[in-house]
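For clarity, chains are labelled A, B, C and D in written order, and residue numbers in each chain start from 1.
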Amino acid sequence: MTENILIAMIVIPLIAGLLSLLLPKKGCGVFALLAAAVNFILAVSIFNKELNLTFPWAGFGMAFSLRLYQFSGFIMLAAAFFGLLISLYSLSFLKDKDYRRQFYAYLLISLSFVNGAVLANNLVVLLFFWEGLLVTLFGLIVIGGKQSFRTATKALVIVGLSDLCMMAGIALTGYLAGTLVISDIHLGLGSLGGLAFILMAIGAVSKAGAIPFHTWIPDAAVDAPLPFMALFPATLEKLLGIYLLARITLDMFKLDAGSPLSIVLMILGAITILIAVMMALVQKDYKKLLSYHAISQVGYMILGIGTCLPAGIAGGIFHMLNHAMYKCGLFLTGGAVEKSTGTTNLENLGGLRAKMPVTFICFFITAASISGVPPFNGFFSKELVYDAAMQRGWIFYLAAILGSFFTAASFLKLGHAAYFGKSRKENKDAKEVSVFMLIPMITLAAVCVIFGVFNYLPINNFIKPILGARAEGHNFTGSSVNMTLGIITVLVLLGAIIHHLMAAKIMGGGIKAAEHIHHAPVLSVVYRWAEKKYLDPYEVGVKFVKIISKLLWRIDRGIDWIYESLTPSAALFVSRTIRRMHTGYYAVYIAWSLVGALLIMLFIFR
Amino acid sequence: MSIDIILLFCLVLAAIWTVMTVRLIHSIIGLALTSVLLSALMYRLASPLAAVFELSVCAGLISVIFLVTVSFTQRVSKEEMPARRKERFVRFWGLLFIVAVAGLLLILFFKAPQFQLPPPAGEQNVRDVLWNLRHLDMLGQVIVLLAGALGVAVFFKEHKK
Amino acid sequence: MSADLSQLFGHFMIAIILLFIIGAYCILASFNMVRILIGLEILIKAATLLIILAGYICGRTALAQTIVITLIVIEIVVMVVASGVTLWAFRNNESIDPRKLSELKG
Amino acid sequence: MPSLFVLTPFLLLVVVNLPFKFLRKQIALWPAVGGMLVAQVVFSTFYPLNIGRGIADPFEQFFMFGLSLDSLSSIMLLIIGIVAFVSVLVASSMISEERQVFHFLNLILISVIGMNTTVLISDIFSLYVFVEITALAVFVLIAMEKGKFAIEGTFKYLILSAVASVFMLTAIAFFLMAVGSTSFAAIKDAFASNSSDAFLLKLGTGLFLCGLLIKCGVVPFHGWVPDAYSAAPASVSVLLAGVVTKVSGVYVLLRLFGTVFILNAALQNTLLLVGIISICFAAFASLTQTDFKRMLAYSSISQVGYIVLALGAATPLAFVGAVFHFFNHAIFKSLLFVNAASLEKRLGTTDMDKIGGMGSKMKVTSATSLIGLLSTAGIPPLSGFWSKLIIIIALFSAGRPVYAVIALLASALTLAYFLSLERKVFFGKVVASPAAETKASFGITFSEVLLAAITVAAGLGFAFILNTWLLPLKEIVH
């Protein structure tokens, strides 16, 4: 009867979610926490098992079939883990919010749908849960406030459109493969196969939030409740999107290194990395900056999987896990700052290091992790991706490493502005947040360290089994796969730090606050050396980067403009023309009918 | 055969007159005339019962209905007539043209195709068919008449306020 | 199908097609609702004649007559309702010009 | 058994019209009609579950109606029952004047008889008769209040419907000539056996198709649809949009072109083209509508396009998808028209420029309308999604990927216009609140909740519905 546990994984959170709508507002948080804990325990208990469950569902080959194996178990475990942490965090964060009942309900239902989508072994079942997440996504953004309906609509339209692509992809795949059972599908990339792959991949990467399907995420960062950001764009969507991308590249289609589609994926990854990180660099809002990084990091995962090399795939999936950890952690620190100061605008923040030491330490670890500082986890996954990207072409590597540089730079800026510098009067009353909010942050930071230092733990337990035969004879663990690349990474990071310090000085942003770095024995020398020699080019460089960033901001908003203005106005034009054709005079309508009838008769007797 | 052709010709002429004539009353009379010719054709086609029905109901009752409607609504003075005649001609000369051209083309080029017909059935009496085989149509007629009665009640019955 | 029947069909068909043209033209070009109904009547008459013709040609006059009788009953009720609509259009607009009935549009 | 669905309402109609005063009392009329419809729903729901199929029909020997009840008819009966019941419920809270109530219920009964018979019939001329009866009853229903717009809408509907009748009658004449009979069985044999004249059959099929397309109201035969839907009184527009057009047009299309006629390639292409044109054209047209009911009418055209499209794919799966979409569409479109009725009752208008921010004031209406709109746009897990999915899969497997992709893109358009509607009406700013605010009545609220519940339940339990009610359809399609 162990198979039934698969059903329980879907049904228990769903029912709990619906129940929490009925509970009184005070109790629902605790209830949701318990439900999330049960979900987590279940996920742990079936991790590393292989189960199959099929029962007839809808005929025409659409059986309700679930399959638990290494990969799905891993994703479920991760999702359950984050679900648990977020519900714990929300307990305090959403204490006095009116919408918390709905929030918990959507959270639990989302967990249920994630479990279902991950377990699904039938494309239609997958689509069912996948699309179900769209509804909870909409609901979660909408409860944020007055402005959020617009954002929610935007998200719904963008994600909904790409899901329609995926629906078409699924229909096409089912048609080509002759079956809808995922584990039986092994397609080549012929002309139609390629189309099916592209359609499915659009669904996957847009769920993960890659460019150009990303524009709702920064908007949601401002409008939606913060735990939503930590839960959805930062973790669950990445888990699902990358999961599906990995499934379609690894199992369902045979994507080889060197095939044009692989290069398309890599280019998409590289572009996503660069554009989003440049965007992040010019943000002045804590949450918005983080949200752009949530987009940028997807690029690494897509790049990694797109290489189709074992190291790259391992790196991509590992990066997905790591990213979920640190980005979730970062958003949680953002939430802590918002909770205690009431703002996330960097211009109104400063000197929080002393007032919120625990938050600061968590921020420090997770930020270092996202920047790829050894020995935190981000470093190792990025190294795997670098290694694979280098093998496929130096240009991809260059894009990745540049992305890394700017990531580090922007987090230095963020950390500097929020935690160092002078304390502003807006946040002089700030104090450390409650323990419920701290525990998730600390947990995540700790895991970042553990997965970094003991990186063989996740790699051997989670990642390698997924790759199966592909991983034979490869070793992804250890300090770094490729020492040279590792050293370059470290140098780049140092460069980023220097860049930040110079920039901070030139821009006049609280340089004193960075003194501990400034006076570090080695750095001070490098710093002084750099200051003398490269000051002017540096200024130019900084300006140049800023111009590029501004330009990219325009491009980014341009994509937004296509979504928000161009397409609608074209549609409206067509619509108005059609409306004008309906003059209201009956003879016109009869004439249409007669002409239509004539055409049909001609067509039939052609 | 030739009687058929003459009747058909008259039928078309009557229809054209019905449409082209200026006064509505003439139009209604034209329609009744068309009906009469139609029932004659039905008689020619071995359908006497339908012909009787057509004659009594279409030529009679429908004309009455139209006359009632016109008497409720039409308000055209005699002075307006010439203007109306002109305006009507402007709009309807096209019909004459189309009918002439189409009629000519059809007469010249329309070849009656040889159809493959279903096997002949034993001749049945109309009453037998109507009363024994098509109960549903009878029910339909009853309900249609009820609907018509309701229509009259809704549209024509003035009710006190 | 004998040659006689074929010729008969041809003659009737020409008249029926002309009736369809006349009726359709009347419906499309009339500025008076009663005339539109008259146009409809002509169309329905053409269809009636066609049904009788079909019954005659394939030797099912009984069935065709039954159909036509039912059809005539329906036709008259449709005309009653249509007259009612015309009447109320006149009461609402002081006119039975169908051009006045084009306020619902777009 | 099948003739009960015709005779029961007929008997009720006769009883209601007997000249006894107490029978005309409203208090007896509403429950009688409502109860009859509920009974119809219950019977037709359990038909596929093999309950009540064995009940002998005493009328069968007496009247030779030649009715036949199969899986397709039972679904249609179910839909007719539900929607007519909802329409009666809505009317019960909108109409109060005694004469009007009497007329309304009589006409509803007549239209229900018409539709019930239409779906049970197996003779092409009787089919025409009952389609016409339904239409007649609905003409009077739309025009019942005799307002300016109501008369105008009725007029356009009447004229176009009469043109459709002419098409259908001509087609019937050709069928009669080719087959020598008007029963479905004979026509089906004629198609299958090759012993009849192919040209006449083709001619008849084409003309009948044109007539039916006018009745369905698909582009370019749709001119009357927005006018009639928006001009009808609230309760009638529920009936008209939810089931009348669907049964007298779309059902007949499904029945004839799915189970009786054999579609050749040209006919399939015709249906596919008409379907896809309707989907896109109407979706665009509804984008800039300012009247709630007009927008719904255009969306109705667009959704009927999906059904026609699926029929054009001509596979059993597509047919099942079409019927499922038919069911879903009837339910959620009625739901949306009930929402419109609710707005109309409360605010006296359905012009969206004059309505705004009703979300907080009309919670049930706004929530249920969201369900209806999302289901129409095909957002999972609501029912509309599943039927669209089946249609799309069927189109792919019938080798028509282009149509499938266009249909998908159009459903994105649907989403767009519905979201704009939702934002205007329920989330936007509160536009000067009208004086005539009354409380929503029980009838409307109940029907909203009922229909929304069916939509959600059909979405969550679509597998069950598909297996129980829709899979038997495969047997009647060829």
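Going forward, a contact is a pair of C-beta atoms (placed from the backbone, for glycine too) under 8 Å apart; a residue touches a chain by one contact, two chains touch by 3 or more.
Just so we're clear, the structure is a prediction, and the values are computed from it rather than from any experiment.
S.K.: If you tally contacting C-beta pairs for every chain pair, which pair wins?
M.R.: Answer by contact count: the chains B-C.
S.K.: Point out which chain occupies the most central position, where each centre is the mean of Cα atoms.
M.R.: Answer for the innermost chain: D.
S.K.: Quick one: chain A and chain C, Cα centre-to-centre, how many Å?
M.R.: 66
S.K.: From the C-alpha centre of chain A to that of chain B, how far is it in Å?
M.R.: That gives a centre separation of 72 Å.
S.K.: Approximately how many whole Å separate the CA-defined centres of chain B and chain D?
M.R.: Comparing mean C-alpha positions, chain D is 32 Å from chain B.
S.K.: Whole-Å distance, chain C centre to chain D centre, using C-alpha means?
M.R.: Using C-alpha averages as centres, the distance is 27 Å.
S.K.: Tell me, which residues of chain B touch at least two other chains?
M.R.: In chain B, 113, 115-118, 121, 133-134, 137, 140-141, 144, 147-148, 151, 154-155 touch at least two other chains.
S.K.: Considering chain D alone, which of its residues make contact with at least two other chains?
M.R.: 125, 129, 132-133, 136, 139-140, 143, 146, 155-156, 159, 163, 177, 180-181, 226-227, 289
S.K.: Counting only residues that touch at least 2 other chains, which ones in chain A make the list?
M.R.: Only 579, 582, 584, 586, 590, 594 qualify.
S.K.: So which chains end up touching which?
M.R.: According to the stated criterion, the contacting chain pairs are A-C, A-D, B-C, B-D, C-D.
S.K.: If we count contacts the way the header does, which residues on chain C are in touch with chain B in the complex?
M.R.: My answer: residues 1, 6-15, 17-19, 21-23, 25-26, 29, 31-32, 34-35, 37-39, 41-42, 45, 48-49, 52-53, 55-70, 72-77, 79-81, 83-88, 90, 96.
S.K.: In the complex formed with chain D, which residues of chain B make contact?
M.R.: Per the stated touch rule, the residues are 113, 115-119, 121, 132-137, 139-141, 143-144, 146-148, 150-151, 153-155, 159.
S.K.: What does chain A use to touch chain C in their complex?
M.R.: Residues 579-580, 582-587, 590-591, 594 of chain A touch chain C in their complex.
S.K.: Help me check something: in the complex, which residues belonging to chain D touch chain B?
M.R.: 6, 10, 13, 17, 63-67, 99, 103, 106-107, 110, 113-114, 117, 121, 123, 125-126, 129-130, 132-133, 136-137, 139-140, 143-144, 146, 177-181, 190, 195-197, 199-200
S.K.: For chain C, which residues count as touching chain D in their complex?
M.R.: 23, 27, 33, 36, 40, 43-44, 46-48, 50-51, 53-55, 57-60, 63-64, 67, 70-71, 74, 77-78, 81-82, 84-85, 88-89, 91-93, 98, 101-106
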